[in-house]
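The structure's right below; bear with me while I get my questions together.
Just so it is clear, A, B and C label the chains in written order, and each chain counts residues from 1 on its own.
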Amino acid sequence: MTASAAAAPQRRGTELPEPVRVAELAALLGAELQGDGQQPVRRLAPLASADAESITFATGPRYAAQLAQSTAACVIIPPALQEAASHRPARLVTADPYACYARLTQWWAVQLRPRVQAGVHPSASVAEGVRLGEGVCIGAQAVVEAGAVIGAGAQIGPLCHVGAGVEVGEHTRLAPQVVLMPGTRVGARCLLHSGVVVGADGFGFAPGAEGWVKIEQLGGVWIGDDVEIGANTCIDRGALDDTVIDSGVKLDNLIQIAHNVQIGAHTAMAGCAAVAGSTRIGSRCTIGGAANIVGHLTIADGVHVSAASLVMSSLTRPGHYTGVYPLEEHADWERNAATLRRLHGLRERLRNLEKKTRP
Amino acid sequence: MTASAAAAPQRRGTELPEPVRVAELAALLGAELQGDGQQPVRRLAPLASADAESITFATGPRYAAQLAQSTAACVIIPPALQEAASHRPARLVTADPYACYARLTQWWAVQLRPRVQAGVHPSASVAEGVRLGEGVCIGAQAVVEAGAVIGAGAQIGPLCHVGAGVEVGEHTRLAPQVVLMPGTRVGARCLLHSGVVVGADGFGFAPGAEGWVKIEQLGGVWIGDDVEIGANTCIDRGALDDTVIDSGVKLDNLIQIAHNVQIGAHTAMAGCAAVAGSTRIGSRCTIGGAANIVGHLTIADGVHVSAASLVMSSLTRPGHYTGVYPLEEHADWERNAATLRRLHGLRERLRNLEKKTRP
Amino acid sequence: MTASAAAAPQRRGTELPEPVRVAELAALLGAELQGDGQQPVRRLAPLASADAESITFATGPRYAAQLAQSTAACVIIPPALQEAASHRPARLVTADPYACYARLTQWWAVQLRPRVQAGVHPSASVAEGVRLGEGVCIGAQAVVEAGAVIGAGAQIGPLCHVGAGVEVGEHTRLAPQVVLMPGTRVGARCLLHSGVVVGADGFGFAPGAEGWVKIEQLGGVWIGDDVEIGANTCIDRGALDDTVIDSGVKLDNLIQIAHNVQIGAHTAMAGCAAVAGSTRIGSRCTIGGAANIVGHLTIADGVHVSAASLVMSSLTRPGHYTGVYPLEEHADWERNAATLRRLHGLRERLRNLEKKTRP
């Protein structure tokens, strides 16, 4: 066992102040209640650690054995697991337990999190003429520059910088230390995590006799509705036109989106991915962690790129694409990688042999 | 068509308050004017979307067809495209249209951007004894520690932290939320984007019986003139000597520069690249996005490393170097990658066959 | 010679206000003093640049030649280098010169760095009911939310955000602009560099008919003692349980740690590495720069992963693992990579040839 398994006395992060009856959750989630609707639950936990005060979930048959041993008060399950869960006091049966669990986390978060107070913190710097919608909250030490427009119910976290003329849509939330440079427009119900930088200059220079000549980046950034952007992710402003992040896009942490990139609706990108300048990515794509897409490409809708793969040319058909060197023990890698450097030569030798043995 | 193409009603980001006559731009740029010098232009746009109020540019023959269909008011072109552009009302002819366009963006930016007001924002924290040059601007909530020296015309953005004794050169600009730790020296006319961290500790630990022993990082960071550093890029302080970024270097976003690295003049690195400790990179190199260079290497002047490639040994000659696994459909990759793990064995088998068939 | 070598007039970053006698350092470090204990030293320098006022170190025989030419006042050496160092005025002999040097840097840092003043900067925003231990320092423009608990001697840097209820252990230091979101617990004697974001939401969404359904991240982050976290590194909060970083872990810059990851004690990860969700990494592992580990894996204690390698399956045995495409001149790469796409076919052809030539 590694030390880490024992080290952290897990906080009971999901504990409600008051338990909730399972029947109430069934109604809320539109799931079929089986067993005792009066069963109280107090915590939301993974299947492996859910106890007699917890509600949990199992998405399919591969969890049947684990489910059989569970002592959870209530489980969210698909119809196929009714048998395996029948020993639990209460069950919520639904066609899509994972989406049902997702909606339950949203209800749970509302119970646990302190309600945000509308208003401008006295330490914030808000310029004259900023337009603040109803119920807006501006956190401590935040800076909102002239001409910014903040939609109703939006939250600007502590230490954020909202540049001159920036538009932030209704109910959009900026975690602490987000930077929105001038020329940025963020839609409604977005969530931007700490350290996000939107609208820094794209990387544009012309070669000149004395060194690089700066190409000023005169475009902006257009972000749709319901977009989530992970911590320390960067989205550069366009050179002349805007960089575009369409509605429903989900970006993880430490992602780089270069100038004039367009990302289609509901595309999701995992952490440390990067997209170079002017590439257009379709909708409902998934881009794996640390994957890279070079510039000036077009990626079709419904493309899935594996983690750590490099996309070097346009992908015109949906599909699953991969390009990674398989991991090996180092000594094996040394031998194989050395041979790889001669691969073209090996192919020539093989061809020669084939000629020789041809009758 | 992907959703993204239609989603964003492009702002007219480059629209001047008043149109400008083409003759004025020709004089400014030192380009040869052809056609009507009195032609007004109002926007700067890419060739594909430039309209009858726009100036645009085309760098070479591959744009001839697109140029033939353009309705732009004015185009910046090389001599070879004079024929193809002759139907436009005005043309600016120059040997290097891309550099000419770059200089035009600089003029354009000056027209569009609000002039920065010199002075210290009342919410900033500026320690006693800080030396501020003429025309310095310190943004809201910024923190400037004791002994810092800020050159004339420099701009310290809102929420920046300038550590004790840090030197910032004349006309250097820090975007919001830049951190310069003590021991940092930044030259003149640099531009550091939001989230840049200069002078955090290099990653240095000695193995000890009880775990890692911290090696305090006592060096600093020396940054030359005309350097640009992209958002959320990190440049660590040296262990004993300084980390050095020479003049004219351009670093994109989310780059990692480890302790005691030296980067030669006018080298450019694209986003997410990383250089490990004590490596020296020559001048006028280009390092592709997400490329990695391991520690303690020497890279010659004029080396070009492709995106996502790993440099594992010193490169003593200029040239173009690549090391990436080519992208494939996943099923093909699975077959080929499995075979790659046996590549050395295949070579042995080939050798045996060659012996056998030798007469 | 590259321009960078000449560009930076190195500051004398390690110069003490007053020289120190070598005998004092020998006592402090528990090293055997040879030569003149009264020898003064003023700077701590690498072997290559140490002069007659400097102390330096050499870890083993490979430095013998360089040591022979050194003019350093004092060298820290292993017994095997006593001969080679005998011409220097003073020598400190120890079984582990690198760890001895590490401890010396710690003493040196104490001499050079200004003592931090305890107290809360007047520009900081500290909520009611925050518990501050003795000697705590809260920097300018910092924000500390309700219910936070800051241990004795801890330092919260300028412009940091410490969320509601966050716990920061004794003598832990946050550099400027660190964000700790609610649900974060940091142990004692940790060091978090600028731009670190702890406790942003993990990347969790369920697919739904209308797009992605947010899975609220209800867990937190548990960080042990003596952990160091590099600039702009992100550690996401858990979905239900906590993300766990065990004591003694060292993380470099720009690292991504996803939700519910567990990292065992004394594991070190170099810059730009990333670990996807729910992976457990053992103790005393080393993960190379830009290496990636996919989600839901288990990595044994004592595993070493090379830079830029992708770990795609669990590693149950300690060892050194690598998976990177070797760098080549671009033209060679083009030939070999094209052949790699047909590797499985080559293997088939080889097999056919072997059949043919079988007697």
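Methods note: a residue touches a chain if its C-beta (ideal position, glycine included) is under 8 Å from a C-beta of that chain, and two chains touch if they have at least 3 such contacts.
What you see is a predicted model; the values in this text were computed from it and never measured.
Participant: If you fit subunit A onto subunit C using the CA atoms, what's the rotation angle, as a multiple of 5 degrees?
Facilitator: 120
Participant: Shared numbers divided by all numbers used: is that above or below half for subunit A and subunit B, i.e. same or different?
Facilitator: different
Participant: Using Cα averages as centroids, what's the distance between subunit A and subunit B in whole Å?
Facilitator: 26
Participant: Quick check on subunit C: which residues sit in contact with 2+ other chains?
Facilitator: Correct list: 123, 141, 159, 177, 195, 232, 247, 254, 265, 272, 290, 324-326, 328, 338, 340, 342-343, 346, 350, 353, 357.
Participant: Using the touch definition up top, name the residues of subunit C that touch subunit A in the complex.
Facilitator: 123, 125, 141, 143, 159, 161, 163-164, 177, 179, 181, 183, 185, 195, 197, 200-201, 203-208, 211-220, 222, 224, 232, 234, 236, 238-242, 244, 246-247, 254, 256, 258, 262-265, 272, 274, 276, 280-283, 290, 292, 294, 300-301, 305-306, 309-313, 319-326, 328, 332, 335-336, 338-340, 342-343, 346, 349-350, 353, 356-357
Participant: Can you check the complex and tell me which residues of subunit C touch subunit B?
Facilitator: Those residues of subunit C that touch subunit B are 2-5, 7-8, 10-11, 13-14, 44-46, 49, 96, 98-99, 101-103, 105-106, 108-109, 112, 114, 121, 123, 139-141, 157-159, 175-177, 191, 193-195, 226, 228, 230-232, 247-248, 250, 252-254, 265-266, 268, 270-272, 289-290, 307-308, 324-330, 333-334, 337-338, 340-344, 346-347, 350, 353-354, 357.
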